[in-house]
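Each of the next two complexes has subunit A plus one other chain: subunit B in the first, subunit C in the second.
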Partner chain A sequence: MIREMAASLLISTGTVSSRGVSDAALYVEAMAGEGRRRLQESYSFGMIGKGVFDELCRIFEDCRTPNWDGYGAEAVSDETYRWAYRFLEALPLGTRAPSVGVEADGHLTFEWYRSRSSLLSVSVSPEGVLYYAALLGSSKRSGTEAFFGEMPADIVSIIHRLFPS
Partner chain B sequence: MTAAVGKLPVTEDEWLARYILRRDHVRPDGTVKPDPFIPYKRVELSVTRHIDLEEADIWKIGQTVANKRASLLHGRADARVAVFLGQRLRVAAAPLIDDPNHANVLGWPPDKQRQKEIAVEIVKEVHYKEKPAATP
Partner chain C sequence: MSGASELKIDIAERFQHLPHAPIVEAVIDVRARAEGSWEEEAVKSQVSAKLPNYSYLDSQRTYETEIKLAPEKPEQVFRDLGCKGVRFRSKDERQICQFNRDGFVFSRLPPYEDWEKLYGEAMRLWQVYSDIARPTQLQRLGLRFINRIELPSGELRYEDYIQPAAEPPRLLQVPFHGFLHLDTLAVPGHPYVINVIRTIQPAPDQPLAVILDIDVFTAVALDLDPRAMAQRLLEMRWLKNKVFFGSITDKALAKFK
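The block that comes next holds the complex of A and B.
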């Protein structure tokens, strides 16, 4: 019962953010972590099942040395990869999978794309800062957020606007 | 392709090419992501002017760029100079020994968020061309 509740909470919010100290709270947190790992492996809910982590790893390995683009690009650092990995882990379960990319300044990127005028692009920096820009038809959204392991609400709301469930 | 091209002023109706060396910079529908249009930290973006070049020459320069990286040339993203000017950027000829048509897109804000805002607008106007099979 507790495990089902924890999984349900994860699907709806993406993370369990409370940090209780009682035995029951620690048990719920542990079960939530286990449940989340299992759901991440499923094709329907998780990014592992959708192959996004594999794509991230492949691009990281490919761009670990400078000038990977022939124009003098910066290498993707281990720190950038770690932050990008955590970003994927923090996406609410069931979120549509983004495509992974890389930029000349060494940032890794995630893109949710419907059309040229309806998309969200998020860059992850070595410092764990998220830079994002979205086109939503006639409106635009953009921002900069320090990432501490929890998904910024604005990014989640843009993804839901692009791909309503 | 002559060195004199580098002395010609860049005009707003000229076409520019940004070579694409990564498959993941192109979406499944054949459009280009904003990623290859993010400038480096020195805040400039390398492009090649089409002016005075045959189609085969444009691809040949792209192949040279790819060879330097020992990478595959997947295609090129073409855009008119006007697209960059429309984002309050400017384009300056910057001829290289092996690419007299080389130019830089300048005037990018140093702020990454602004760079992304500009890049998503630019790629709305970009035309992607896949490298032809017979590229030298």
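The block that comes next holds the complex of A and C.
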């Protein structure tokens, strides 16, 4: 029995394990990470294959010093970049690629755009907090989630709603 | 398919105690951000004062390496991003606790004794963490049991020990060199997810072994209420036991008694 991801994963998605210290725990972590990385490299499933990590890196490089926009914008910090990177890694495999952006307060952003009235924007802070806002036709949704490496279910369900497979 | 009815979790159900359970690590992992300051030396000294039966093991630091590609010569920049947390180990070296900026982890290494001891010690140490870090909310709670089932020398039929076992393709019945099988299970009506990993761990100086890694977790935030935390952990333990006893064969069970 396979239940639809958007309906069944009430909590979150991701492959972050509870953290162990034994040889077996480290072995499992390495094996699972390797398997996931290979899928991430494919164009069909992964954000590496789609070039999103490269885009994130390029934007970070361009905006890591203050006043990168000439209007006094804050620099994108190493912490923000790391959280944004982990955010991309945690997206379910096969997710539509977002466009990457940056805000004047130094937050990195990911946007899934379908039309002017159907879109999702997620902003990543240096503390690893996700601020998201979505337009879904006539309704709006927004929220704040602490991010620990697992993708919040609400964000996944909005992406699925925007781009049903 | 969807629409499964709520799973009934019966925390009163009794499971067999296995004196030779193959548990190589039992983990209780609590993610909760420290609200107070997090200075390595201060945390070390506070934990040392509160836990005389544990000694400092090491500090977990975060590093970053950056390679700048230049026309002449690539430049490598190495940065120490500071202390993520400290680890302490019990005098008998069977228990390790991590006090991290983003949470607390308690690991019990072999021999595993029983749930009451695991839970009791984890909660005692969690209280120490809570006093130091002053988190306001639990963001994630995980209970993970990693089992390592050794295959007797010369016996490579892992399917005699765990079921369902990995199967080669129907049209190519050749032996496995290795496998990694990850199942993610939803728990209808409850805020839990279960990751079950089955894999083979080759080790040069040890018998070949099958790993059965059961990780039950919830990422639904929880207030700092010890009773609510205890209830969640009991439910997660029941789920973990159901997965374990539903994954091993009678032959394996006999080996662990």
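Everything that follows uses one rule, which is that the second predicted complex is superposed on the first by the 135 of 165 C-alpha atoms of A that agree within 3 Å, B and C clash if a C-alpha of one lies under 4 Å from a C-alpha of the other, contacts with A are read in each partner's own complex, and residues count from 1 in each chain.
We take it that a residue touches a chain if its C-beta (ideal position, glycine included) is under 8 Å from a C-beta of that chain, and two chains touch if they have at least 3 such contacts.
Since we're looking at a predicted model, the values are computed, not measured.
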item: Touching partner for A:L26 - first (subunit B), second (subunit C), both, neither; value: neither
item: Which superposed partner A:K140 touches (first subunit B, second subunit C, both, neither); value: first
item: Touching partner for A:V102 - first (subunit B), second (subunit C), both, neither; value: first
item: Partner chain in contact with A:F148 - subunit B first, subunit C second, else both or neither; value: second
item: First (subunit B), second (subunit C), both or neither touched by A:D78; value: second
item: Of all residues in subunit A, those that touch subunit C in their complex; value: 1-4, 7-13, 15, 17-25, 27-28, 31-32, 35, 78, 82, 146, 148, 150, 152
item: Subunit A to subunit B touching residues, read off their complex; value: 55, 59, 62, 67-74, 99-105, 107, 109, 111, 113, 116-117, 119, 121, 123, 125, 131-135, 140, 142-144
item: Residues of subunit C that touch subunit A when the two form their complex; value: 1-2, 4, 24-25, 27-29, 31, 33, 64, 79, 81, 87, 96, 98, 102-103, 105, 107, 109, 139-140, 142-144, 146, 148, 180, 182, 184, 186, 188, 191-193, 195, 197, 199, 201, 203, 211, 213, 215, 217-221
item: Contact footprint of subunit A on subunit B as seen in their complex; value: 19, 21-22, 24-25, 27, 31, 33-36, 38-41, 46, 65-66, 68-69, 71, 112-113, 116-117, 119-121, 123-124
